[in-house]
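Multiple structures follow.
After this come two complexes, each holding subunit A, first together with subunit B and then together with subunit C.
== the complex of A and B ==
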């Protein structure tokens, strides 16, 4: 019955209980609070870094797209400037702005500089912010070697107005001159700005453009114009809505961001689980005090409220700490890293913190709510416990309650399995995560039943210590379940993540070995549009003594769909057969390919995202024409997440007339020195430091390092899961031991030795944790299958082969079991430090 | 002369000089102008402009001033760049309507590099255009077409008098040093007819205009900050052009002019013949620049009082020429009697006149 005094009463009891807990076990409360704080902090930090970087990135793209109604975009090698003349004369167009947008190679640098060649008079209408800043230097910009740099580009390259800037065009350096620096508010990312005529001349693109921004006269339907324009454009040139341009960067990193947020959520739920188990144990431990309160007239609802309030209080403190910690971590990441969380896709230099209060409040609320939910179950159980029985001792009806949950557990497991079969939703593995959550809960609900079944199987050994331990566990399934559940949840998640990361790393390592059969690798800066080796350069390089074979490749970007990131086209091998050599093929076509079309090998991402199958035709915009290829096979490509296509250099040359190359594999003569060959390769060019020469071993090591860096956050989460799991185990052990002081007293009374009791406790600890570990291993392996085959595949569109890190898991399992045994012994010792008589009396 | 000096600041361009820098043609005396060739563009000179100013009357008897200008400037850059976008010539157009009812100008501007058939200043005859803005000379008349943001012109301009060569046979000195000079001819008393529209409302108009064409490679010397200029179609058929170049203290560094009487007799005015005396200033509420909008002027033996059609005829061309100046329609009085109508240009009152 509710009375006006009800909530005030609950508050008083809450205060008394919480203060008592705080006095009794401050460390436990502190650790629980920290667990919640960590979960919230991770979530908040990931969110904050992502949103700041994205915001910065969005602002930058917005600046570049400016006020355009339509963006006409061609391949990097561009289209004829006649298209610009045509569009500028179109009656519906009020302003057409020609652009040459290139990723320019700089000597001695592995990254490129984005350079925009514009006609400032025309760009002034479309990118007013950008051009407004150079209004004072327009005529200086007309100097054929003049370039403006954004402030971050100037800082990165350590350049000042008047300094020369070397760029690599083809294989030779050209010198530009820095005219001025754009102010910080104009453009925050690295950028160079040139006059369109200078850009065309400098980068050997006379007559070519690769982008035209259009603004339409008022009264024109922008979408209708764009749709009408599309089919009239040359092959490979697209009319794109500016929104699509702006969103592209955001879309391509979405899967990665969602995955990180999910990991943070896992940490949060693990924290909640810790609250659940500690609160359950706290309730058990205090069952007599709670029962006494009930006997003294405290209502069920008051007691329940007070106990949930306890959890909520821990949640509030933890969440508050978490939000502060999260913001601090985010600020540090933004300050010291580039804000891409290690995946290298968002190059948002100088992204500043934009802490939005609403999301941060949401994180705070989430932590508090999750903690309250964790506390709700034990609170309810405690409130419905008949006081008389609790006053006498024993662990009550947890077992009964738990046993009935077996059916819902089974149902959840089945639901989870079914969910894992569903395809991705909007490119995100939503159902995969739902499957993991469902299976995790289902598995926990099955624990009591399985414990009983499992203990029933243990044979009698006629060894008193062991048999007592088994009997104890069997009779106290509720207690075992609680300590088991915390082990199982954290350990299974840890196992699943460890298996996934290990599988990925092993697959990646194999793949690298497969893709790098040569002794050395040679390449121009990745993703650059200006540096390459002409046929003559290639001959010069191949003639270096010590080289037995030099295979050149041409890689470039192709925009197949304006809403998606460009895919990479790789032209390798002089014949079709050679093109497929050494590719990590997943599947290849058996049927004889039609001789009319050249074969193309697509990466799994192209299969997943664009839906191509073996034998399908693909029309590629090459050299201003549409060229038909046929999918001959599907290969695995871990380095180009948005998809890649492999064709032979012969086919590429026929389509484009471009015999240039920007990558190469080198096989050395027996006994040749790699460093000598490298020195001679570099000596062939004026700026020989512009390209990279690496031994395949070094490249492999570097790739693995990058891989590990990308998974730093995952490792951090794993470590947290382990710590939470171990904490859970030790809490369970010490609470149980304390709760069983009377029992120990009785056992001592009937003649059991102190050492035997401790042995019994150790056996219980080992048995419980061994069961938990075994169960966690099985569950974790099942969850890892979902991670590997569903979540990874749907997020990144590449397959990985399952590989179990057996040693790592064995070591972790043993550590966990040993830790459980040690804490059991340790807490047993602590509990038995009182004398037996007092302990027995306490029960009466 | 009418107009702005569209010149890159020399200091900015200096560090970039290379072998293929352009050299500009000098203005030399004793080189008679030849028509129709000199109607056309002179791309070897640094700057050039075609400038139409005048008064229009609508059918509702509304008096309006108008101004259409095309500038050409040759940037000081390497000419070897084969790109079609190479900024060999920069073209700027500016146009305005002085509308007393509106209280300020209707104005718009364009700036483009020449080439690709989108903007050009042709040689051989007057034919200069940017997108759909153009001034072109036919056998009988000039046409001026402007399709601006919220107004437009479609005018025919018919010459009624002979070409008026300013200065010494068309060579007009601009300063104490003989290099500071321009080629300069005018066509006063042009008969204007056609249509204008303001925010979609169209009016048929007639009126009288003054046409200037001037080109030079060295216009202002280093100490000059701006100039005052007038071109007046006097009611009796006579025409007066006068200008003075001001120094930093507002002093008159140079002056000149041409007065053609109704009988066709041309008097070339020397610096001592010209005197500009300001009567009243008006301060722009936008830029806070105070322009002397009312003048007393002496040209040889004749003296005129000038009164603007409206005070606010401030031109903001920061997006094209880079300058803010005052240019507007005005009436001329001689001994308190209205004797003609023309245009007054005041530059360099905000800051020293220079492009960007």
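== the complex of A and C ==
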């Protein structure tokens, strides 16, 4: 029966044991606390950075959308402003604000500037936060070509009030004049604000809008109005709830954020394995003392509580430190890297830290719980160990702590394999992650059995050093498991990540090679709405000496679903057959197309996200009309993770009348100089230009550099997990060596050389780590299949081909084995620094 | 180097003493008196000697010095005529491997090796090959009466049986010097008596020398002569055997 004395007793024992541990092994406890702190810090930092960046995006979108109840959004080329007149006169509408929203190309820059053309008086009602700042100078906005810049845009472009700002429209520069700077509180991201008429004039969009913000009269059902309005709008124009606009940044970056959080948690879980190892070894070291406590009347439950409490105490301190460290890291990332954790999706200028107390408490709790779980298993083993057996002391029997079941391990592996077959949940690879966790735990549970089997295969060599080492390992399988658990977990995950990243990089490289067959690439800034080459410009460019062939493309954004990110439409090749040329097709169908439908090749992302299959019709809003296309094939597109469609330029021209182009591939004449051709291309335009000319080789190199940068944080997090794992190995080695010092003393007495004992320990270290590494490689390869074929596909919606980075893995494996051997030797030397006679005289 | 100069019983015959201590002194701290001061001792072939003394008089220090596990401040230790102070650590270890056998109070057998493997450790260290290794192991296991336990592990055996493993291991390579440190301290009277008889018999059978360090007068009386270690040095308690 449990009594209040039970808990009080447990608390007293906990305090005594913890203080004794602190006195005996302060460094070990400190490192364990730091491992937990690091895991919690990474998780907290990643969460905090992402949530602060998202919060900033949310605020920015809110300021842009303002007080609107409904946002009417059209394609970038816009719709007639007659729609505004119609909507403004609708009885349900109290305020309507016309907007022209464009991503404007700037000379000599690869990025674009978002420019809003607004009617300042109407916008003052609907976007008061945006307009409020310039209320005094509202009339200045009517100055022809006048533009207000947000403070971050002004800083980035190094402009001040009165300075000229050049923008590219078509292929020509136009000059605007900066009339003022918006304060940071108004809008922290890069933005230009113009009068709508001025914007329409500047950007050749007279009579066109692409957004109307509506506020309804009180009493109207906003959702009902929006649903009713939708079908009455022109093709490609959507009535969207403001919340959907605000949530888009959250939705489109979710997969990336979740993956990053999962990676951060890997470090935390590796920390849990470290706690497991540390506490197990601490229990082993103190088994006689613990048995004595039991003999003196400490109950099983008191002992178990006290030992779990030890782990929990480490967890509390580590988690607290971790949360503080995480917030500091997050603050630094937000300040110096503008919240970008590598993929560029969450670059939020001016995002400020908003420490979310509840999630931070959750991270604190997670660290504490994880540490307690790590301590629970050895605590239970210690509590259930018969005291008489432990008190007897003498020969060590290490197998008792990590008793585990091969059947449970196998079952978890099978469950993991089954989970990996399930589809994504809400667009997230939830079951894929569960499969990895299940397989990891299953694999760790199998370690003792596999160690016994593996060591059984090692033949007796009659070399005393090796034979003794093998016998020692075979006997102490439990201890081997303890020392291997953390390194197997972290190393297998690192192997899996390395294979996944290498596969991705190799596939990406091959894809670039296929997509960039020409010698040079020519393009206007990605995603821009204003710069393009007219038919005349195209002819001028194609006539440059040294060019044997120049193929133009037209790319533009299409919003197919307001809740999702826009997809990219690519018009390429004069005919349907040419459009599909050089695409990295993963599937194509030979279908008899209806005469009214043109073929479209969709990317894998479009297939996965929108559910289109080969042969399905797709209606695309082009040129104010709905045009029907039929899916003729699926292609691999690593550039556009939200989906892309390829149609022929002919079909695009027929649908839109737009013969412009904003990208091109250049094949040079034999012997022509790329730099000369570039200079001549630029000389075709009298003044500044915004287009970029690159050799395909340079573009490929740059793309791979961006790729590598995106995975830097992945490698960093994995490296931290492996360091934590190695720390576990080191702890196990030093604990074992200390526990065996009497054995070393005896061996020295009977004539074993110091070098032979060290050789024996090195052999044990090499054998243990080689097994761990081989096992980690096998497990990591299995996990990489889930990463490559399940998690990657479900997160990013593109396929990659498996490729094994053999040299990289071999080097990593050898490094780990060497590190483990060095650790074992170092621990052995430390243990042998004691007097050999004193060691054998100690009772153990 | 000793490795290049193989030792043999023939070599040792040049000096009739297995072990000779000459004016041996050792102190651990300048502030404290020497724990051993001017010790002289000669252990002859076939002689079995007991050293008694109260706790703290330096019995363990003496054992360390005899085994070459510690260095004296002054004086010489000659094991089979070889001055240990002239050897480096590896050479002393090799000499100990070949010429010394140890029996400890806490047995110290390796739990992860079988009885036979534990006993054969010194032969393995000396590089004795099969079938000689098995023959000598079986011979000593039979001599100490645990041949049927050869395949078992120490954790499955009683204290008396484990101490027999330790004795077999100390003697399997026929060392010239057997050092036994309280070998019966953890045994019941019957096992203790058997162990002491066994030790004496094996020392005599090997024609080497043996030193038994003990608190027990009963144990000491199984030796040929008894010396008492105290602040005055080593003094005989009685002679004869």
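Keep in mind that, in the parts below, the second predicted complex is superposed on the first by the 786 of 844 C-alpha atoms of A that agree within 3 Å, B and C clash if a C-alpha of one lies under 4 Å from a C-alpha of the other, contacts with A are read in each partner's own complex, and residues count from 1 in each chain.
In the analysis below, contacts are C-beta pairs under 8 Å (C-beta built on N, C-alpha and C of every residue); 3 or more make two chains touch, one makes a residue touch a chain.
All figures in this text were calculated on a predicted structure; none of them were measured in a lab.
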item	value
First (subunit B), second (subunit C), both or neither touched by A:748	second
Contacts of A:81 with subunit B and subunit C, given as first, second, both or neither	first
Touching partner for A:98 - first (subunit B), second (subunit C), both, neither	first
Touched partner set for A:781, first subunit B, second subunit C, both or neither	neither
Partner chain in contact with A:121 - subunit B first, subunit C second, else both or neither	first
Partner chain in contact with A:89 - subunit B first, subunit C second, else both or neither	first
Touching partner for A:578 - first (subunit B), second (subunit C), both, neither	neither
Parts of subunit A lying in touch with subunit B, wherever the complex brings them together	81, 84-85, 88-89, 98, 119, 121-122, 124, 135-140, 142-146, 162, 177, 195-198, 200-201, 206-207
Residues on subunit C engaged by subunit A in the complex (per definition of touch)	60, 63-64, 67, 69-70, 89-90, 93-94, 96-98, 100-102, 104-113, 117, 121-122, 124-126, 129-130, 154-155, 169-170, 181
Residue ranges of subunit A touching subunit C (in the complex, touch as defined)	394-397, 462, 464, 467-468, 471-472, 474-476, 742-743, 745-756, 835-837, 840-844
Residues of subunit B defined as touching subunit A within the complex	8-9, 12-13, 15-16, 75-78, 80-87, 111-113, 116-118, 131, 318-319, 322, 355-356
